[in-house]
Amino acid sequence: MNRAKEKHAVGSDRYEIRLSGSGGQGLILAGVILAQAIGTIDGKNVVQSQSYGPEARGGASRADVVVSGDEIYYPKTMKLDLLLALTQEACDTYFRDMKETGTLIVDSNMVTQPPTQIYHGFPFIQLAKEEIGIAMVANVVSLGTICELTGIVSKKALIEVVKMRAPRGTEEKNMKALELGFKIAKEAKK
Amino acid sequence: MNRAKEKHAVGSDRYEIRLSGSGGQGLILAGVILAQAIGTIDGKNVVQSQSYGPEARGGASRADVVVSGDEIYYPKTMKLDLLLALTQEACDTYFRDMKETGTLIVDSNMVTQPPTQIYHGFPFIQLAKEEIGIAMVANVVSLGTICELTGIVSKKALIEVVKMRAPRGTEEKNMKALELGFKIAKEAKK
Amino acid sequence: MELKSDVIHQYLRPKKKFPHVWCSGCGLGVILGSMIRSIHSLDIPKDDVVVCSGIGCSSRLPVYVDFNTLHTTHGRAIAFATGVKVAKPRLKVIVVTGDGDCLAIGGNHFIHACRRNIDITVILANNWIYGMTGGQFSPTTPTEKFGSTAPYGNIEQPFNPCDLAISAGASYVARSTVYHVDQLDKMITGALNKRGFSVVEVLSNCHTYFGRLNKEGDPVTMLNYFKKHALPVQAWDKVPEEKRAGKFVTGLLHDVEKDEYCDNYEKLVERLQAKMESK
Amino acid sequence: MELKSDVIHQYLRPKKKFPHVWCSGCGLGVILGSMIRSIHSLDIPKDDVVVCSGIGCSSRLPVYVDFNTLHTTHGRAIAFATGVKVAKPRLKVIVVTGDGDCLAIGGNHFIHACRRNIDITVILANNWIYGMTGGQFSPTTPTEKFGSTAPYGNIEQPFNPCDLAISAGASYVARSTVYHVDQLDKMITGALNKRGFSVVEVLSNCHTYFGRLNKEGDPVTMLNYFKKHALPVQAWDKVPEEKRAGKFVTGLLHDVEKDEYCDNYEKLVERLQAKMESK
Amino acid sequence: MADKPKKKVEDKPPEKVENKAKAPEKEERKGSADPLKIFYHWCKACNICIAFCPQKVFEPDRDGKPIIARPYDCTQCAFCWLHCPDLAIVSNEK
Amino acid sequence: MADKPKKKVEDKPPEKVENKAKAPEKEERKGSADPLKIFYHWCKACNICIAFCPQKVFEPDRDGKPIIARPYDCTQCAFCWLHCPDLAIVSNEK
Amino acid sequence: MEKQVKLLQGNEACVEGAVMAGVRFFGGYPITPSTEIAEGMARRLPLLGGRFMQMEDEIASMASIIGASCAGAKSMTATSGPGFSLMQENLGYAYITETPCVIVNVQRGGPSTGLPTKVSQADTMQAGFGTHGDYRAIALAPSGVEEILYQTIEAVNLSEMYRTPVVLLLDEVTAHMREKVMIPSPEDVDVKQRRKPTVPPDWYKHFEISPTGVSPMAAFGDGYRFNITGLTHDQVGFPTAVSSEIVAMLDKLRDKIVKNAEDICDYELTEMDDDPKVAIVSYGIVARAAKQAVMMARDQRLKVGAVRPKTIWPLAVNRLRKLLKPVRKLIVAELNQGQLINMIKHHVDRRHTEIIPLQRYDGELITPAQILNKIKEVKHHGTQV
Amino acid sequence: MEKQVKLLQGNEACVEGAVMAGVRFFGGYPITPSTEIAEGMARRLPLLGGRFMQMEDEIASMASIIGASCAGAKSMTATSGPGFSLMQENLGYAYITETPCVIVNVQRGGPSTGLPTKVSQADTMQAGFGTHGDYRAIALAPSGVEEILYQTIEAVNLSEMYRTPVVLLLDEVTAHMREKVMIPSPEDVDVKQRRKPTVPPDWYKHFEISPTGVSPMAAFGDGYRFNITGLTHDQVGFPTAVSSEIVAMLDKLRDKIVKNAEDICDYELTEMDDDPKVAIVSYGIVARAAKQAVMMARDQRLKVGAVRPKTIWPLAVNRLRKLLKPVRKLIVAELNQGQLINMIKHHVDRRHTEIIPLQRYDGELITPAQILNKIKEVKHHGTQV
């Protein structure tokens, strides 16, 4: 099956995202936020799923989001358009699930041996720690970056959902993290 | 279906017996004794069954015995060759299950309105009470009578099984009851 | 009691043929009468009474009485009753059950209902045997007694159902027998009056199986047994240990005030609704 | 104790990968260690030990130990164990179970095994919650505490598992905690040594669910809770009622001699065989 | 040699019962002076009333059912109707 | 904003575990003079030993695992190895 | 409007649907992967004045919802395979007593404890034949989150309309994935209520043989006093051993389902308009892969269609036969070793239609690629169709 | 010799057979109409040094016999529909752990409490599909008292040979009727034992994939220490989530039955030699009526035959197809609303064979006359065959 056909086959604007890293990095939540923003505010169709069971306990944790303007038939990812990897292990595990033309975004400190030359690297965790004060918001930083880089979700939607979902008292930090994500992506695009 | 055909159809020597009366008259046990004598000693094939469940609680109680020299296919009675009825109710209920040529034996005190003219009547219960001293052995008396009248079971077998099955201390009474049964039947045949 | 002796008949189902299915002399009929008198004495409308049961001779009781009746699966009556009660708490829910139904297959539902202290009354007809299936030993059959599955005598030890109920959390626990009908009426009335989970264990004669297999023959013999071996709790507490041997204690054994499940739930709902309104 | 501290490792399954599946700090690992030390101290050959369990975090224990292990269905371990024990009475049969496994779905098997006084040791890891399925309240969750299915606080009342076991007929009943490891070792050793049905309730921390949902966070906090609120039975009996409030009693709560089920059966068989021979 | 007591079968009555009575019929063998009514269609002759009546009011009839043999001895103590398992006795008082 | 504690799933470990160790390996960070051995591959950094050691022998490392910081204070009281839920501590004595 | 769109997990959608359909009693026992349903109910019901009970086990759960239904509440439980097995006895009681209630079975790998966190469709046959005796089941199989919401409502409605337990067969994937759901406003939801009796109490028969085949149903406390029993019973509700009454009862249980099968069961069709000679039958989550595969196949100019029964029990047999008339090769794709295929084999005329299994049971989904490959294989081996 | 002939009830014959086959542990809970089996075992086993246990319920009964089997005893339980429903969860555990044991289900009318004292064959499908997940059952259906004895032995043997639970489906009539039974002498009975491992303990895998498809089985206390779990497991017995291991396990459960189906399942043929175009398939007690009807029909010069599978699960499919090849009209007679007929429809080529149901479910037997009538009807309506 050549790639052109494949693209066509799965629906013209189907877009498959995987956020991956290790447990505790908040990637499931990030996936839910992303899906919620795209689905309930941007108004596209969306399916979010995650590894459940043994896999979820292994080294690599992941959240998948499939986006489409049309009906989404198969709910799980088939070939990723976008992979976010916050650890080397996740990157190694999931890179093979990507399309050739897919976008790879990694934490540049954690993924020291990227499997390809074409990727975007940002030190999400370090930045989160240094600029926001807690490493835990690295997930939100990366969401901002994804938004800015791919446009798969609107800023407005993302801001709204992050606000809504942020635990009380952390709204500000999370908004700052999001902005940070936008910023570094914008800079990278330049 | 005419009767000749029917006879043939069910196996040339198939013979169907029903012992009926009311609960507590010991007819199930009589059925088991009869079946055991025919099956394990006379060496014919035999199936004994009884009403179980609601019927067994109603007025009429019954024990069926199907006898054959050949394999017995259908284990339940289809058309009775022999009906023993110790109560009017049992007689009324089961008479319709008899073959036209079947043998009807009743307790002549209990069955005051026999449904046919062709039958054998004996005052089993009264005789048991008067001659043996307990009404309860009427079942055994009637077994003796059946044996003598029909020859469907051998005397030897019946004696052996009644001996075996009689509760300790009652052997003698039961043997006397059996003999009484033989006797009254023999007299009747004369 | 001010009861007319034939008040019972007003509570029997007109469409259901009497006499009942039980053996001549079976204690279950006495329990039937006692339950009806107790309900009557409390003036509970028939429409508000639900009588649930499982499977067993004792569980055949509801079909005769003119209430809402639910004849369920073996051992599960209390769980069904729980659903009925929680869905419509104003109903008076009674479970009639046997030692097998309640304590063998149904033991778990029994202890959990005790624990929840849900407002259900259990009338446990304990005849020390599985009557309906023909005399197998039960969890209350005394050691060494015979059952059709204990042909050499029972090697197991029996439950004390009242102790079990108390330790599991029931708020009202009583014992009586089909001989001690006055006491029985009082115990059942008390149980019905109790807000919480109440258990009345009634020793009942199954002479047909327990009696026959253990040479305690007829109903009269068994009733006499109950008469002789019962010791009311007031007396029990006073007699010395050795005098208790072979006897059993009767009367109200346990009566405490505790939170009832449906009440707790109602309070929770009120609290939540108050909170929602205040928002 | 004369135990080498690393004796435990000789009992872990070589083929089974360690570390175990339990959360960091989960009390179940402590129970695992204690059970192994107790078996070791009694010199029971590995081949003769059978460890059964149902389903739950606690029920995951057997897979790590190098005995005969039977990981069964939720709540039924005791019934499986009964079959094992009765079929081969020389085996030492241990059931490791949780508060949900043993007392919710498995309650009936538990009380019946108590009643039969069959020679099985139950180690009941009571963490007041269903750990494995994610923190639903259990039959031992204290009233008002939170669970994922008790989002507004638990309105039910908890069992006291030891009381239940005693009233149902167990012959050895003890309680300890994962903080009180010396005591725990003693209680389990005692249980294993007992001929009859023995129960050791071990309070164990599930900080991941019970702790988190009830703001008792981490393992250290929960262990400290056990430390502060446990009162050994010797002390318990002496302190006045009001000093007991909020505390729980630990130690050997019940230890009586009774006929054991397998022994009774063996005696029956001998009696019958003697009778047959004499014929 | 009668049957051993009949094997009980689930959810079925173990004894022969007469299903003739639809509702209690007031049958009194001894006229209205009797202290009690006995519904003979329901009575299963268990002997409880006869054996336990403290005043020995009853005698068994041929079938074992109670005949009110000594009506004037009855103290209305209630034992019989409270203990009749077939709910076959009611008082004529009140 | 990290995940809420992860939903537990039946019969699966709720925490990330490292499955690298096959059998206890004796790893000693402080040389053989140490009173204890700690199997770091098994240790899940629960903090129990560190918090409860009566002699405050341990200090947490970067990952929260115990470093035997004050070996000579250890009295071999056994608390740590009896309470380590991961069976990751053994004594060097005896 | 905006508020009406939510991102929900399948299990959450089930809770939404249940609440909308009027379920006010839930009795359950937690089990993966259904637990979120109980948790959602525990949170929601008290707010609505309803009742959530965590019972001591699944047997009690099933009993409690039947009891609650007898008292007039719409009731539900949720479980997975092991719990569903335990419910079988009391489920049979619900069938014979014609008591409306809904049982959600979120399937996971079996048998026994099996694969608690993995997807499966291996309880299909059990949903039709799990309890002893003759009966007919209704079992729905939604294939997405929004549909779970609607089919939960449908399940409650069917249970009320036909006075019968209804099984909702979910699976681990649909239960846990999140999709966008348009929450309908209450006015837009068609909520059915069981038919209540209109006769005076003395005339009331709880199991009356009525023209519709479904008896009106009074609740305890409504002023009708009646008997319910799991014994074979007459119309009034008393045990019976009379042949004609037994047969009437069993036929009623069967006919109210079988005769209404064409109404109860609905099909979703994908690319079936041009009478493809190759088609896929699949249900639940697998149908999503099938649909995807059909799209992929059509892209490759392969004439293929897909049929998805939304109801597994009963199948609308006549419609199915008609639908599949042009089909020569029928791929039946399931997450098991072959279960619904048994029933398809019955109903489809195998003189004309060859039936080809596609089965997966390692706890993973059948992928569109697998189906597409099968399509090609079938096309290749078959006579040129 | 004389002593060898006994008049036995079906349930008594089952006890005889079990004892002969070496059953030494029985865990049960009484239920009509199976109770006499428990009672017989309670009497017999202690005399033989075996153990009878009356458990607290059927769930515990099933658990106890699995436990006993793990400890090395041949074990058995007996129940009826409601109890069989309760056993389903642990029955699944026996399937997945491949633990030999025998479950006797003396069928009565269902669903639920149903008709406790009446005859039925309505648990046929449940015996094949009652528990959740994929598995294959063995279920035998004897049709007379003597055969009950032999099939009980066979059930124990099959369970030992294939390391699987085996269901023996009796019914109220065969269970309670008395027939003459030739009690075989012990030497004449072929008693099978499970294969024991021959490898050293360290090499032992409780679920080894062996050439025969059945793993040798050690007992607890034999010196092998191993793990048994109801989770999907690898060959050693540890839980696994690896695709290939999952598939291997499930295929093993299926294949050891399916591949041996022609060995496991046997047919009794009546008047099938002259290739009758009309035939009856029936099993259990109904086959007795069918045989009678065939005799009656032959008497009337109607060319009819009868086929009786002695095993309901699995059917020897190839043999069945071959057997029925000449048959144009096949009457499937059952005491239910149509259960085995489902499977017959699968397996028989319906292009050539029309399948006609004959069902009765009022708690009474199908009579020879009913079958004969059906035969005539079929002959009449059909093309002249």
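The first chain written gets the first letter, and so on, giving A, B, C, D, E, F, G and H; residue counts start at 1 in each chain.
As a working rule, contacts are C-beta pairs under 8 Å (C-beta built on N, C-alpha and C of every residue); 3 or more make two chains touch, one makes a residue touch a chain.
Note that the structure is a prediction, hence the values are computed from the model and not measured.
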item	value
Subunit C to subunit F, fewest steps along touching chains	2
Among all chain pairs, the one with the most C-beta contacts	G-H
Relative to subunit D, chain with the most remote C-alpha centre	B
Inter-chain centre distance, subunit B versus subunit G - centres from mean C-alpha coordinates, in Å	55
Centre-to-centre distance between subunit H and subunit E (centres being mean Cα positions), rounded to whole Å	50
Centre-of-Cα separation between subunit F and subunit D, whole angstrom	25
Length of the line joining the C-alpha centres of subunit A and subunit B, rounded to whole Å	88
Per-residue overlap in subunit E, given as positions that touch at least 2 other chains	9-15, 17
Multi-partner residues of subunit H (each touching 2 or more other chains)	31-33, 46, 56-57, 59, 82, 89, 93, 112-113, 115-118, 229-231, 239, 241
Set of subunit B residues in contact with two or more other chains	52-54, 56-57
Subunit H to subunit C touching residues, read off their complex	29-32, 35, 38-39, 42-43, 46, 52, 54, 56-58, 82, 112-113
Residue ranges of subunit C in contact with subunit H within the complex	55, 73-75, 104-105, 107, 130, 132-134, 136-137, 139, 148-152
Parts of subunit G lying in touch with subunit C, wherever the complex brings them together	24-25, 27, 46-47, 49, 51, 53, 55-57, 59-60, 63-73, 75, 89-90, 93, 219-223, 225-231, 236, 238-239
Contact footprint of subunit F on subunit D as seen in their complex	4-6, 8-9, 12, 14, 17-30, 32-34, 55, 57, 60, 131-135, 178-179, 181-182, 208-209, 212, 218-220, 223
Subunit D residues within the subunit C interface of the complex	104-108, 111-112, 115-117, 139, 143, 152-153, 155-160, 163-164, 166-169, 258-259, 261, 264-265, 267-268, 271-272
